[in-house]
Amino acid sequence: VKTADEPSGANTDWLTLNIGGRCFTTTRTTLVNKEPDSMLAHMFQDRELWGNKQDPRGAYLIDRSPEYFEPILNYLRHGQLIVNEGINLLGVLEEARFFGIEQLAEQLEVAIKNSQPPEDHSPIS
Amino acid sequence: VKTADEPSGANTDWLTLNIGGRCFTTTRTTLVNKEPDSMLAHMFQDRELWGNKQDPRGAYLIDRSPEYFEPILNYLRHGQLIVNEGINLLGVLEEARFFGIEQLAEQLEVAIKNSQPPEDHSPIS
Amino acid sequence: VKTADEPSGANTDWLTLNIGGRCFTTTRTTLVNKEPDSMLAHMFQDRELWGNKQDPRGAYLIDRSPEYFEPILNYLRHGQLIVNEGINLLGVLEEARFFGIEQLAEQLEVAIKNSQPPEDHSPIS
Amino acid sequence: VKTADEPSGANTDWLTLNIGGRCFTTTRTTLVNKEPDSMLAHMFQDRELWGNKQDPRGAYLIDRSPEYFEPILNYLRHGQLIVNEGINLLGVLEEARFFGIEQLAEQLEVAIKNSQPPEDHSPIS
Amino acid sequence: VKTADEPSGANTDWLTLNIGGRCFTTTRTTLVNKEPDSMLAHMFQDRELWGNKQDPRGAYLIDRSPEYFEPILNYLRHGQLIVNEGINLLGVLEEARFFGIEQLAEQLEVAIKNSQPPEDHSPIS
């Protein structure tokens, strides 16, 4: 599937995602290697198959939340789920599920359970 | 209502909203399908009717708060109301009402009531 | 005062403010109608008089804080003062005063008083 | 030192600072008048002397933190030190010292002392 | 290793890093001098050797988290580790390790230990 614009291996195959209007720059390797069975990996492994749309600057369009995608991309980069205080884990969970990153979704479900034990939080925050 | 620039169905009909100066990229499907009776759905369903203005880059201009629109767009994407800690729900409620997303406005009213029970918060935060 | 580039009424007269480097897109109606006696209203009502400077993209330059201007613009849009947790109300007050939005400044003064009752906060946060 | 592109006095002499990658738009008056003895004032008063570098869009390059510069620029605009909750005052102090704004640095030192009295905070936050 | 586009010494050798989609402008001196043995220093000292990729605007592409890189760049600027409240130190630690800034990684490990003593925090926040 190697094309002319990827001469030096997947590692140097840079791409930009336009997630809901914010741009994230990463490599195909990051999107594909860490969770090869995820929907996200398939979207960028079988490019021709998926026919992802691109914006005028060439960024791949994805109609999802940029804010909650950020920890997901970091997870794909280094394997750790790291979220700042105040960020709603339910938002990250929605994205993990959408992109089919199962292992991360499970980690998030555990974290959500642990973060709201006796005092029942509302479903919002 | 299908026009030349929408060859492959509503799902691939991407558009950008310029909400108060920040750009959000999404699909017409997201804006129209989840809450078909909302003002927002009508604005983007009956395009010719509404005559929405566009900025020089083609983004549709809406004179509202980008910050509080964010959870509304996410709600239209996946059906969940998810808001970070510290974000004022009254701000999200104003946008839900403006865009005529009634079901979400009701959810927000309940959430606001639940978040300030005995200790009477000021109307600000 | 209607000019060639405003064919369809004040309501459709879009403009962009470059506040300290961040751009806010809004309508002249929003800036002028809610608080017609404010300095901000005068700045954009009597355009020729004030001679507001524009940046290369045509946005009107204002040398103030973008962060604290945000709730002020929202107030002009819908009439509510809504501020997120952690945002320093003193910063919003400085902008309300600068732009001569008296009613909002008074609301903010009350809110500031209410937010720091017995335990004397430092003048900073 | 008045040049052709500054016809209407220092007040209308707009410039953009590229602080670590984020752009701040302000006037030379703001940078120079409030604290005329600061390094920042000298940098922009004696332009020819300092030979400040500019990025391709003409913004003056400064290799510092944009986040912690923000309250400093606001201070130069209106004379008040105003910082949001959660912003590390030590970061603002580093910038105040770098730009040689002595009076502000002293205010910050007092505020830092007051914010961490008996319970000894770590040097980080 | 001095080339034609660096006439006035390392100090004036400005460059932009595109970290995961956000751009940081800094000098080669900042990246190289403070921690000369780090991977980051080597990346920008031995430019020809590393063959860093650049985006269309000339910014050097690095597939990492912009948010957690920010305190690292500030550390290289002034030697202090300064992080806002709510920012997850584990995120900063991942970046410090990736860029091989050993002394900072050690400081972060101590700070993380100190910030979660008896009440065992989850590995997430």
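In order of appearance the chains are A, B, C, D and E, and numbering begins at 1 in each one.
Heads up, the rule we're going with is that a contact is a pair of C-beta atoms (placed from the backbone, for glycine too) under 8 Å apart; a residue touches a chain by one contact, two chains touch by 3 or more.
Given the structure is predicted, the values throughout are model-derived calculations rather than measurements.
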A correct list of chains touching both subunit C and subunit E reads D
Rounded to the nearest Å, the gap separating the Cα centres of subunit D and subunit E is 23
Whole-angstrom distance, CA centroid of subunit B to CA centroid of subunit E, is 37
Listed in rising order, subunit D residues that touch 2 or more other chains are 85-86
Contact graph of the chains (line, ring, star, complete, other): ring
Read round the cycle from subunit A toward subunit E, the chains appear as A, E, D, C, B
Subunit C contacts subunit D in the complex at 18, 20-21, 53, 55, 61, 63-65, 67-68, 85-88, 90-91, 94, 98, 122-125
Per the touch rule above, subunit D residues touching subunit C in the complex are 12, 14, 16, 22-27, 30, 70, 73-74, 77-78, 80-86, 89, 111, 114-115
